[in-house]
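Two complexes are shown next, each including chain A; its partner changes from chain B in the first to chain C in the second.
And then the complex of A and B:
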């Protein structure tokens, strides 16, 4: 029904547009006076008046209908059912009612629940029709009001342009709303988490065993939320990734800038772009299927014990993924060094290698460092490779052949499956997410600042 | 004077100087070789990646089928009610006609394993669609079960000792008998594209994942394209330079670098928890992907708007157009090819994005394609993740095949972007 309602709003707006444009046309042709706006703007003015309020109304209605009905429904339940229930039990009761209402009955529901389900169905039908009626009424009213305002001297274009401006401002604020949404939701859930687990335990604890019981009758650990092993594991894998990516990426950039002919450049650059465009889930599968067994076989050939999901496999493949970032950012930085410096060095008799190491690299160093920091932030935030190839158990070691876990792996494993928002297991994921967000944000800000400062030197 | 020249020429021809020069040139060559080495390693790794996927995946594009005639007797299937017959018996009778009779229940079970587990349902659907075969016989090409598919493709080796492989010698003998009769074929595996997910590798396909990804990308496009263009136009053309717009710009640059999993947390906490949208729905996936694609689209749109020369704007202003008319009627249409190119590249990134979709539950096991944006569904990358996690042998090849399909889609999208850039983009 909601889909049809949106369709109806669109059709109404189109009709309104033609109504308004016809009016505008009449002003031009019959009344013989100069109009302020073109007929199309009259049409657009009416269409905006008809469509936008109704659209916003329906969106808000849909947003709040569920929670309002839930609240009313819960109040309508007999006190015997609702007395002293926690929020988790409350949502359990509500979801049972909804299941019964939708006809998904597993066991004979209690009479209160069955009655409530019937009420729910009735209310939902009423709410749905009420929404349609209100929306149509609003549209008709708006059509009437907007149409009555049209006149030859009416400034329809200014009205439409004012609306467009508001729309554009709103769209650019979406970016801020997203950031605010991220920060608020992470902070809120983390705050809940820190009420259950004290922050010093989270930041300095050495034991991470989040698999705690969700139901009372489950057999599970007591839970320990010391995130140091997780942070350490992330660091180990990111370090391995950088150890692979920085030399390869940097030497690639040096070769492309200083030695490569135009033809080599134009073939190597797209290949690097392919490397950057491969989805991370593909790298993850590559790590599991090819790299991890290869490392294991090599390890057993040399008689070294290696874990099947070693940090080396995950980190190494992550390094491959990051090569293109480092190479293209270093390439840009090296290229931004003024040509006169390079030519001056070559003219003094320096070889190309000397020019590179003594002139270009030092002056491009801030840019390259910025690129490396950006790549590091990507490595820390990268998820799929480590989810598929790294371990799940947080152990406090830095042996690259052993299995370690990372922040992103823990977020994914904690949030897949049972998610109820009032136990520390789920909330811990948000606390980890907050740390991840802040660390990557910090790295990005530092990197961008370094890059910007450096650019100003030559501009 | 001439002494000085002499001493310089002596100093650059002396053995010492030549040794020094050789050393410096060697260092130069070394750096060049390091560069070539680095590039070869990178390209080699990409080659290994693609090669392993192609070798692992090509087998999943064909599927072992077995042609069997099933006698549809009226004892097993009631002509009045064909959907509720004893199709297990029908399948067994079909096999019994070709193979020596089973001597024990265990042997019967081993024989049942040759055909896919869902054979009885395949036969039932065929009979329900065509009830006239009841009382006669029905010939069908039925997919072989995963282990026999692997055997046929040579992944399960006959040379392996019997206790180490999942098919017994007896089963191999039966299968060989079927091969001898010319009943085994390996046609192109259309099921890979037209079946939804399944617990059985021989039946699992990507239809659900492709539809889910399509819906998610559609939502992503419908949100991020208009919002991105409007935001970029405002920031580039109309926004005053003040602290607010600076804040928005810094924000957009930072959003582009936020790890994708954080967007998944946002989707989980806001779209699912607060707004109450359904889990696993392409709608939520598309909304999260839209937020991630938005910075990309805003950045490319601003660059495309910047590239339109001022003469166009000045001419339009000269004709009396209002600032919005200048942008809407002239500047935006001229920059549209650039915007479209960037949008397609942004959507291609969104198509490959996995982590946020995992958090909002698009890794569910769902055996039918979604009917709309509110139905539970998987997406291509999450389907690959699910298959990569599945223990059955056949899923290894399916995963590689799924990846090849995903890469194919990415390749097509990028090719369209390149085409648009070359054909439509104007240079001033």
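And then the complex of A and C:
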């Protein structure tokens, strides 16, 4: 029914558009060029008036119908049932009524519940029809009002443009509000966590054993929430990734900018972009099924003890994943150095290598640094590769051949299986997430500031 | 050309530093043709550049004067798809000969560009760049000497002596261009190419640079591309007029400006074309 209603709104709007445009066309034929707006704007103006208020109304209706009916329904129940119930019991009663109303009956319901279920069904039907009637009425009224406002000098274009601007503002606000919502929920749950586990224990503790019991009958560890080993593991893997990606990415960029012929460049660049488009889960396969066994075999050949989930495998593959970031951002930065700089150096009799190391790289350094920081924040936040290829046990070591775990891996494992939001095990994920968020946000801000500053240099 | 294998001859250090007597021809182009891809931009230009003289190349935009200038230190090599035919010599050595290293050539034939292009380094480092990369100096004091004397010859030293460590990009346009000239002469080139060096400058800065060009003539051979005929008349001893990729007429500046032989030259100088 709601689907049909939305379809009806669309059809009404289209009709309204043609009504408005026909009026506009008439103005043009009778009044000629003194008509303020083009006929299309008259049409769009009426369509916006008809479609948007009705659409917003239906959305709000759907949003609040449930809770309003719940409230009314609960009040209509006899006092014997509602006396002194907690909010949890209240929602249990309501969901029982809803189940009965929908015909999902597990046990014979009490007469009060059965009666309430019937009431619910009746009210819902009424509410549905009321919504349709109100929406259609609003649309007809809007059509009438908007159509009556049209005249040759009516500023339909300005109205439509203002509506479009409001729409754009709304769209940009959606992203901002979502971010704010994420931050608020992270902060709130982290605060809950720090009520259970003191911050100094979380930030400075050296033991991470978060798998504690959620229910009384579970067998689990005592629990320890010292996040240092987790941070250290992230640092180890990110360092390995950067050690792989920075030199390879930078040299690729230098080669592409300065030495490669047009033909090589037009081949290599798209391939690099494909590398950037590979899903991270595929990199995960690659790390776990190809790289990790290879490292283990190499290690056993040389008589070095190697863990099956070595940090080297996860970090190395992650490094390969972020090569395109560094190479393409460095490429941009090097290309942004004015050609006159390069010519000036070459005309001095500098070789291309000297021009690169003494003039181009120093000039492009801020941009390259920005790219590296962005890649680093990507490496720290990367999840899929490490979930598949890095270990689960938090150990306090920096041996790249050993197994380490990362912040992202721990967040995933903490939220898998039983969760309960009054338990430090679950809440720890939010504290880790908050730290991760702040670190990557900080890196991004620094990187973007550096890049922006650098952009201004040659303007 | 593979830049990784570019080597630098030590001959640069022993270079006869400054030819003092004006004698004969420094550079010579013989039926130079330049192609950008399939398009021929220069149709066989033959021109002699005389030692310790200022030679100006004039002509309307797109006539090939800058292209010819850039052939003289092989800066056209940096443009993809550009090909040069014919013969250009520097002291009777073919500069397009494979045995000649382009890096050495550019140390002997310096260049100043249209837009001042100081490196984003300090004033001192800008001037020290050439001597350093060519290994021309062996101590800090020697380098200081080269930097100071180059700045002095470019007429910039008095203005910047207290702020040698400040970035070169912070100078005014005219000062930046003189810094670029100081940078170019710091490697003691024989020939100095100038590609419209004053087109981005105001009249006062232009006058300063023109005066400087006249002084530099004592020690260097100068080739200047210019759009301003007054400038060509003021600073040069020899003028070559280019049009549509051809060298139309060349000769002593006075003759070109007062009594040109060719009709096209006459029209251009009178302001009828171009």
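The criterion applied here is as follows: the second predicted complex is superposed on the first by the 291 of 459 C-alpha atoms of A that agree within 3 Å, B and C clash if a C-alpha of one lies under 4 Å from a C-alpha of the other, contacts with A are read in each partner's own complex, and residues count from 1 in each chain.
Methods note: a contact is a pair of C-beta atoms (placed from the backbone, for glycine too) under 8 Å apart; a residue touches a chain by one contact, two chains touch by 3 or more.
A quick note: this is a predicted structure, and the numbers were derived from the prediction, not measured.
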Contacts of A:262 with chain B and chain C, given as first, second, both or neither: second
First, second, both or neither for A:354, with chain B first and chain C second: both
Which superposed partner A:228 touches (first chain B, second chain C, both, neither): neither
First, second, both or neither for A:396, with chain B first and chain C second: neither
First, second, both or neither for A:134, with chain B first and chain C second: neither
Chain B versus chain C as contact partner of A:440, first or second or both or neither: first
Partner chain in contact with A:408 - chain B first, chain C second, else both or neither: first
Contacts of A:345 with chain B and chain C, given as first, second, both or neither: second
Partner chain in contact with A:362 - chain B first, chain C second, else both or neither: second
On chain A, positions contacted by chain B and by chain C: 258-259, 351-354
Complex interface listing, chain A residues touching chain B: 63, 66-67, 157, 161, 164-165, 167-169, 171-176, 178-179, 181-182, 185-186, 188-189, 247-252, 254-256, 258-260, 268, 271-272, 274-275, 277-286, 288-290, 320, 323, 327, 351-354, 356-357, 374, 377-378, 380-384, 387-388, 408, 411-412, 415-416, 419, 421, 429-430, 433, 436-437, 440-441, 444-445, 448
Chain A-facing residues of chain B, complex: 24-25, 27-28, 30-32, 34-39, 41-43, 45-46, 48-49, 52-53, 56, 226-228, 230-231, 233-235, 238-239, 245, 247-248, 251-255, 257-263, 265-266, 268-270, 273, 275-276, 291, 294-295, 298, 322, 324, 348-349, 351-355, 358-359, 363, 381, 384-385, 388-389, 396, 399-400, 403, 406-407, 410, 414
Residues of chain C that touch chain A when the two form their complex: 3-4, 6, 8, 73, 75, 78, 80, 103-107, 110-111, 113, 115, 117-121, 129-130, 133-134, 180, 183-184, 187
Partner chain C, residues of chain A touching it in the complex: 258-259, 261-262, 338, 340-354, 358-359, 362-363, 457
